[in-house]
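For reference, the structures are reproduced in the following blocks.
Two complexes, one shared chain (chain A), two partners (chain B, chain C).
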Partner chain A sequence: MIRVKIISRAKEIELKENKIIAEKLIRKLGFSPDEVVVVRNGEVITEDDEIYDGDFVEIIPVASGG
Partner chain B sequence: MRCSLCKKDKAVIKYRHSNMYLCADCFKKVFEKKALVVLKRAGVLRGSGKLIVVAVSGGKDSLNTLYVLHKYSEIYDYDVIALLINEGISGYREYTIKGMISLCNKYKIEYKIVSMENEIGFTVDFATELYKKRKIRWKPCTVCGVFRRYLLNKHAREMGADFLATGHNLDDEAQTILLNIFQDSLYRVIQADYISREIVPKMVPRIKPLYYIYEKESVVYALLNKIPAWHIECPHAQYGMRADIRRFLNKLEDLKPGTKINLLLSREKIIQKTKSLKMPMKYCEICGEPSTHEICRACQIRNVINKFL
Partner chain C sequence: MFYFFLKSGGIRLSVELTEKELERYGRQIMLFGEESQKRLKKARVIIVGVGGLGSVSSLYLAAAGVGKLILVDKERIELSNLNRQILYTTKDVGKYKVEVAARRLKELNPEIEVEGVVDEITEDNVKDYVSKVDLVVDGLDNWKTRFILNKECIRQKKPFIHAGIRGMYGQLLVVIPGKGPCLNCIIPSLPEEEKAFPVLGTTPGILGLLQATEVIKILTNYGTPAIGKLIIYDGMDLSLREIKVNRRPNCPVCGGI
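Let's turn to the complex of A and B:
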């Protein structure tokens, strides 16, 4: 199980996956890699990195402010 | 993925247009170097004892700008003061003010907060209510932008600033270029890139240290440096055309990485070719501030909104 917190939607979801590439997760959530930053277990990762069962992932929106 | 520069550490960011990966340390160096290029080109580092007032909203971009300028002020001889305009946007501005105060206290940076309600007589929230009731035609972002620029320039000048630094990043700039073209405002496209191109009395020259920095880089930099920024969007942003242009540009960038930077590079070429074109600057007949109109936009809006107070 991968826990995913989507900051811009104030929502947390659980994925029943053993492994997923970050870019695939980003696109699955309806974003493009330039629109979000992925933080895995407190560390910033690139869209090419893998996310594993048991990881906690935060999806931080790039657009903020006024 | 390993860093393309040091070939050692794990990458934290990928540049899709160049297929380059950077680790945290190399990324921070590249980020700060890009800001330094702007400071050098804009002439900020020439001479000594200059005062840079940093326009801070409390979001990641303005806090990163403040942090980087403060960091370089320890090497180069200039002073930095943060200036925040509180436009009165509830559920948003009170959080971002906390971020600015926290960063300023941590690094002992002087700051000043100016209340739009005290200075102008109303808040952006009040103007938004009038817009929703169709009593005024100006969108919240227009009202906010006009009065923020007005108050930032006025207070920076009164503080004796040599430069007013803003947190505009590469994405903001690419959006602004398109916005101005769509509104047939060529002058606005060419009047400023990383520095305001004309010297106008009473107008503090503006610099944009994050001009060559993508918005995504700004988020990563804030996270890596534990900058106390709130990653939230202004509740009134939905009313502006900028949000549509941002989505459009992000889609294009996804299809063809490098689209946004190419827009900025094209503007620089246009500026070189149109150096003789000058914005017709005047001074407002009511308040005396620099403006392109007989009566500045701030006074035009204020005259209408004052009727509802």
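Let's turn to the complex of A and C:
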């Protein structure tokens, strides 16, 4: 099971998967890899990294405006 | 490139505080002491972009007595800026932002120097701008320039205070080279640029204030800077979250330092 917290939507979901590529997870949640930061167990990962059973993932949108 | 340079009557390099300064900054001197106030007086800070974020951070840094502020922005004030860019008034529409901002900040605090430059930061000029200051504040609205500044700040080992906003949401990252992650550690590839983004005026107000707070803490060595924390503000549910973030050992920008 992979726990995923989506910061901008203030919700947490659980995925019954053993392994998923970060990019696939991002797109599954309706985001584009260009607009979010993915943090796996407290460390920022890239869209090519893999997420495993037991991991805690935070999806954080980044805002570009000033 | 045009300069709007408003020189202070005081002697900036002096580390002594005048009677007027002791009175002006009295309430914060009660907090962190005269030595910290002298550190602020000696400090030079560049604010790149005086829009929503830069309006607020520059106002509070001027009020706090940062000795020299350099403002860089190439744009003129538009009516649609005025819901959030609180340095400007309706009669300023059409004028250069840095011209009005420099005058406004000097009116607020004649004890400091304020230099406004109509320019944009590029690969070619970033080295010069960063070399003139102790610290860089991000008031930008695009990732390309942020990445240029982040890289140069890492190279010159100077703090870079990043913030970005959209709608009622924003993030803050304090980059202290070698001590915590840089912008590139957190955002490895250039995000998509967005023009004419939606924004509530209070959002850059809050993030700009968080930036100014961190700048003052770093310059005075008072408190603990938010190193290794991505701070997320969300006005929709009024939350301020802290995401612990680490340096990426293979970061192409800061991995080698």
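The criterion applied here is as follows: the second predicted complex is superposed on the first by the 63 of 66 C-alpha atoms of A that agree within 3 Å, B and C clash if a C-alpha of one lies under 4 Å from a C-alpha of the other, contacts with A are read in each partner's own complex, and residues count from 1 in each chain.
The rule we apply is simple: a residue touches a chain if its C-beta (ideal position, glycine included) is under 8 Å from a C-beta of that chain, and two chains touch if they have at least 3 such contacts.
It should be emphasised that the depicted structure is a prediction, and the values quoted were computed from it without experimental measurement.
Once the two complexes are overlaid on the shared chain, A:Val37 sits against chain B and chain C alike.
In the overlay built on the shared chain, the residue A:Asp49 is in contact with chain B alone; chain C does not reach it. Legend: residue contacts after superposition of the two complexes on their common chain; A:Ile60 is shown touching both chain B and chain C.
When the two complexes are overlaid on their common chain A, residue A:Glu14 makes contact with neither chain B nor chain C. Chain A residues in contact with chain B (one complex) as well as with chain C (other complex) are 7-8, 32-35, 37, 39, 43-44, 46-47, 60-66. Contacts from chain A toward chain B in the complex involve residues 7-8, 32-35, 37, 39, 43-49, 60-66. On the side of chain C, the complex with chain A involves touching residues 49, 51-54, 138-143, 163-167, 169-171, 181, 185-194, 197, 199, 204, 230, 232, 234, 236-237, 239, 241, 243-246, 248. Residue ranges on chain A touching chain C, taken from their complex, read 7-8, 10, 32-35, 37, 39, 42-44, 46-47, 58, 60-66. Taken together, the chain B residues at the contact with chain A in this complex read 1, 11-14, 16, 21, 24, 57, 59-62, 89, 141, 144, 171, 214-216, 219-220, 223-224, 229-234, 236-237, 246, 250-251, 253-254.
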